[in-house]
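Labels A, B, C and D are assigned to the chains in the order they are written; within every chain, residues are numbered from 1.
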Amino acid sequence: MSIRALPLYATIAIFLLAYLICYIQFPAMLSTRVIGNLLTDNAYLGIVAVGMTVVIISGGIDLSVGSVIAFSGVFIAVVLRETDMHPMLAFALLLAITTAFGAAMGGMIHLLAMPPFIVTLAGMFLARGAAYMLSIDSVPIVDPFYEMMQRAYYLMPGRGRLTLLGMIMVAAVVIGMIVLHRTRFGTNVYALGGGEATARLMGVAVGRTTVAVYAFSGFMAGLAGIVFSVYTSAGYPLATVGVELSAIAAVVIGGTLLTGGNGYMFGTLIGVLTMGLIQTYIVFDGSLSSWWTKIVIGALLLMFILLQKGLLRLRVSP
Amino acid sequence: MSGVLRRVAPQLLTLAAVIALVSIYFPMFYEVVYVNDRLVGIPIDVVKRGAPVALLAIGMTLVIATRGIDLSVGAVMAICGASAAWAIDQGFGMWAALGIAGASGLICGLWNGLLVAVFGIQPIVATLILMVAGRGVAQLITGGTILTFDHDGFSYLGSGTLLGVPVPAVIWVLTGIGFGLLVRRTALGLLVESIGINLRASTLTGINSRVLLIAVYMGSGFCAALAGIIATADIRGADANNAGLWLELDAILAVVIGGNSLLGGRFSILASLLGAMIIQTINTGILLAGFPSEFNLVIKAVLVIIILVLQSPRLLPQLAVLMPRRQSSPQKTKTEEGT
Amino acid sequence: MLLSTRDLTKTFPGTRALDGVSFDLKAGEVHALLGENGAGKSTLIKCLTGAYHRDSGDILFEGQPIFPQSTLEAQAIGIGTVYQEVNLLPNLTVAENLTLGHQPRRFGLIRPRAMHAQAEAMLAGYGLEVDVRRPLGYYSVAVQQIVAIARAVHLSGRVLILDEPTASLDAREVRMLFDVIRDLRARGLGIIFISHFLDQVYEISDRLTILRNGRHIATRAAADVDRMQLITLMLGHELQQDAATRQRPAVQAEGAIKFAGTGRRGRIAPFDLTVHKGEVVGMAGLLGSGRTESAEVMFGAAPTDSGTVTDSDGPVDLRNPRAAIAAGFAFAPEDRKTDGIIADLSVRENIILALQARRGWARPIPQAEQVRMADDYIARLDIRTPDAEKPVGLLSGGNQQKVILARWLATNPRFLILDEPTRGIDVGAHAEILRLIEDVVAEGMSILVISSELDELVAVSHRVIVVRDRRHVSELTGDDVTTDTIVRAIASADDMPGAGA
Amino acid sequence: QTIGFSQIGSESGWRAAETTVTMQEAERRGIDLRFSDAQQRQENQIAAIKSFIAQGVDAILVAPVVATGWDSVLEEAAEAEIPVVLLDRMVDSAPELYLTAVGSDLVHEGRVAGEWLVEAVDGAECRVVELQGTTGSSPAIDRKNGFEQGIADADNIEIVRSQTGDFTRTRGKEVMESFLQAENGGADICALYAHNDDMAVGAIQAIKEAGLNPGEDILVVSIDAVPDIFQALAAGEANATVELTPNMAGPAFDALEAYFADGTMPEKFIQTESKLYTQSDDPAGEYEARKDLGY
């Protein structure tokens, strides 16, 4: 157990170290406000990364999630604008759609033996295109239920807000941990990532598992879409472009191997928080031009990954 | 030769089908005329506009053959375009600009290659880093503006013609032939396929897989540099933010439509180039058809999905059986084997 | 009849792997399935368990036709299988591998503690010391093989199928496995056993079925056929018996390769070894004793961190495999699937690959030359393939091994390291490979053979190094090279006199 | 004084100029400007504003990427009593949530362009092709609407083709090429309307390469007034552009200064001028004046 978890420990250690460095430079970084923000602002990313973790551990990848989030927002906004459906019902409808969408991609991957990268890339175009077709304009959501959800937070000492959205993300991570580490489905996911042919010979229902994996990711993307729509109280077809790459980066920083079969859900949470930390640090610094922002994000990403590799090598070699 | 033809047959058929589809909406598709010393017509537009994706697809094919992927090519295009424009702007002249751009591409490729081959970072992540940071570097060079220049020699690479054919088309065709000869007339192709299929076994067989991997990423960087030069020359300016934006996805799509496996191994540059032309025909077709812009993505997605489904490894054999030409019955194979 | 097939046929592109095979398995018997490499044994069992879909024919389970679509269905009716190559998942823990698909649960959630207890119970009786919480990949091939067997035994309510389960096991572990098999037979299971070790076949089997070229040749009671008859049935002709007569050319004094204090921390203790021109050095030891590590160090696959290597021309550079190959070394690794073959490349390309790598990318071997070489080696090593363009991954295991041998012979090395060269190879090919070793040695090549088959080592070696606990503990020469002495050297607690450690 | 500035990104020359001008204005006034680039993503902007609040800045400038979805973060700023000023684009939140907005009216810009065209063709039949901005972005939507309003009363003017050029030169050129192909080599096109100058510059090249004279054979009107379009105007290759000034920060800082000094509430919307420039407005001089603004 402990050997497999080494990347996870390395990730946690690096995160804490990074936080310490930030704190020394900007003491305000340790306020409950920043911590609350870290959870809330990255809620949608964290939720989508939970699905992505499962997909990546199964040896696949899901590029469609960013578009699905955008689609979800537009869908909910348009439904709430055009009908007087209760938001909860719209959520249920949406989750059914995104889950089915994920399942359909999983089905194509399995039945047609097509690489996930390509199928989900097509899915990414399709979901974004569908969002455009619903509305090219951003659609505000005015709904008492939405306001209620936005105002649902616990004011921590220091005026930090522990929001409902942040809690949904934490809950998603916990559910992800249970699904991945404590169910047969979860073990099958690891098995699939270890080698599809072998998993099949060992009696894993490869097709069913593949479909379920992408359906799970679709569900999480839909949930992230809901959270995002609450976060911005609008649906916007151009939203969350490139979020799939952020999610992949978060999963990788969290110590999950892109080759599949290895990784921890908790690591993904740390990865998401690390990405959020980088973002916050750059804003606190406030002196970077647009281009240096990009370069610094890339450099920090690289640093995290190299540090992780270095730590692992140190620990493994003696 | 018939082997090559059989390899690219699905791509040729697809291309024909897409062209047929476009010409339903746009019957003048086939019209090519010669005016003002240049060929004008939609097919000419396709081969010209397809140049960046075609060039990227050449490098991407090799990277994918090694079981890697290069997400940074779009950003590398921006970097190389920016450095070329900068060099022209500084008055270093055309050849220096080309040299600097090419070198920038090679350096970017070297960086990716080192991360992948020496530090052992997985290709998606390694190239994602440059994808994120690369645009920043490009903007650093241009200072965030669209760096424009006026240099006829350099613009010729983007919008000139050679014997009536647009120069970008000439460049990608020549690059394709060059890379094709390089990998097939030497043992490079075999060695690349080998490390893509089984890196460990290849290393044990004495293949210098580390150097080869780095070389492949540098090749991809070089192709991206050419694409960046064309894009910059085309608009007479380096747009660090938008040059090559999301083109890496089109390039990967082209490679896959070309029937190359993302799991590495066997590859065909010709098929990838056909894939790039298929994608460009779709793109151009969408522009010509005159649908509202918001439909563009859905149309493209649906067409791509249909193509991929028809070409998928599970369906292709079935389709081959449906075609009456050569029913491969077990008996027949048996006798063939005997002779 | 417990399980039977009627006229089973299965065709792959270019190959008819099964051609109307009928086969019966009774309850309470061990039924050996025999045949050359590529005879169709593995294909037959894969059809039985639903891993492959048969083209035609029937499969009957207790007289009822069944149509297994996946291995899951086979498992559900009580057929447990160990497939040929170790087929478990190295990234999962030992416990997860053992319990995959039937983990103990409460409210739908896995109970880790119960799972680990169950896994430990499943492994009891195999004399293995493993931590079931560790990833399986952490353990050696042998351990993985035993875990695979334990899993299959657990799943086999009615039928147990073992496809070359003993290829990577040593004698002690084989004995343990056979005890388990006998116990299951007594409980009324039907067991299909595939092996190329005829001793083991005779020891455990009740009946034998022989396949050749995908066709059923004969089914006999084990007691009714003797060894020679059996081999003749398998090969379709008699085995040429020249390998038995041991007449080796004397080793040549000049051109020796000297390893002095070569080692690598944590892998293999520093050792001295001199390999003469035209000499075969055998290496014996238990599984995990450090033989593969020795070979890897000698080939630069795991670079040395101590000692020197010299030949008559001075120091030899062994920084990495490329340098070793340039120095005329060659290495056929133990795990051919991950370290040896390039599965999607053709037989031809696999054969010329090492030579091509040495020549460098800029000097391709002309196509005609490639074809000539491939055809030459296919004929010389009797590689069973429809043609040289078949992807090597589709050949049977034994033939893949021959392709790797051909690859190295094509580079005409002066020092060839063979790690378990005959693992999984049929009797006919086995004899051919031994003959081949004699041939190339006669031409002056030096060879290091690592093998768990002591008979084989004794048959080919001038000298045998015994390895224990990652150290070279003794060296046997001349008349000392017998199975007996080797076994004793492996087992003895302290080093034998005259040990060259 | 510390002021946080959340910028959308640096997707176009115009926006780069806005950033430069804002920084120059801040420096001139001795303001400590905290700059944050959101890489075109609203979620990054929201996070940045929240970080500004956590840091305790004195005021916040935002160039919102999209109109919707700012309520809760603006409320948070209001709670922390940090005034927020919107730059160049509007939000659809309640006006009391922000101090003021500085910007131009995007619809109005489009209308100015349309009205110019109506006047320029003077009743003649005119088939117009349109290069839209990024699909779904508010400038694209508003400038399209505005232009359509501007030409609504002129039956002689008709938009025959409209495609997105993503606000970029490359795509502007590519799409224009296909328009030319589709419209009889360009002979059927009388005018081009581009949602920004960059696309117009690209399209001008396409027109030239097709052997036509931009500015004469095809009229070119666009929006933004970046330096390069003035070069085109000077060369007679473009006909008109509507200015969108990059100096949004100046009025914003003025308003903030007044507010801090004595609590003066500024107007809720400070509209910048949408000035129309044509070939007769000394384009060469305008180019010189602008070329160092970081466009």
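What we mean here is this: contacts are C-beta pairs under 8 Å (C-beta built on N, C-alpha and C of every residue); 3 or more make two chains touch, one makes a residue touch a chain.
Note that the structure is a prediction, hence the values are computed from the model and not measured.
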Practice task
Have a look at B-C versus A-D and report the one with more C-beta pairs in contact.
Solution key: A-D
Exercise for the section: Please flag the chain sitting at the greatest distance from chain C, going by CA centroids. Expected result: D
Handout entry: Distance from chain D to chain B - Cα centre to Cα centre, in angstrom
Key = 34
Fill in the blank from the handout: Taking each chain's mean CA coordinate, chain B and chain C are separated, in whole Å, by 43
Fill in the blank from the handout: Cα centroid separation, chain C vs chain D, in Å, comes to 71
Problem - chain D, residues touching no fewer than two other chains - result: 9-10, 16, 19, 135-136
Completion exercise
Where chain A touches two or more other chains at once, the residues are 132, 136, 289-291, 293-294
Fill in the blank from the handout: The positions of chain B in contact with two or more other chains are 139, 144, 294, 296
Exercise for the section: Sort the chain contact graph into one of these: line, ring, star, complete or other. Expected result: other
Completion exercise
Here the pairs of chains that touch are A-B, A-C, A-D, B-C, B-D
Exercise for the section: Over in the complex, which chain C residues touch chain B? Could you list them? Expected result: 11, 13-16, 55, 299, 301, 320-322, 325-326, 331, 333, 338-345, 349, 353-354, 356-365, 386, 407
Practice task
Enumerate the contact residues on chain B facing chain D in the complex.
Solution key: 26, 35-36, 40-42, 45, 49, 139, 143-146, 148, 159, 231, 234-237, 239, 241-243, 245, 284, 287-288, 290, 292-294, 296
Handout entry: Residues on chain D engaged by chain A in the complex (per definition of touch)
Key = 4, 7, 9-10, 16, 19, 33-37, 39-44, 46-48, 50-56, 66-72, 92, 134-138, 141
Exercise for the section: Using the touch definition up top, name the residues of chain A that touch chain D in the complex. Expected result: 26, 28, 31, 33-34, 37, 40-41, 44, 132, 136-141, 150, 228, 231-242, 276, 279-280, 282-284, 286-291, 293-294
Fill in the blank from the handout: chain B partner, complex, touching residues on chain A are 61, 108, 111-115, 117-119, 121-123, 125-126, 128-130, 132-133, 136, 245, 248-249, 252, 257-259, 289-299, 301-302, 305-306, 309
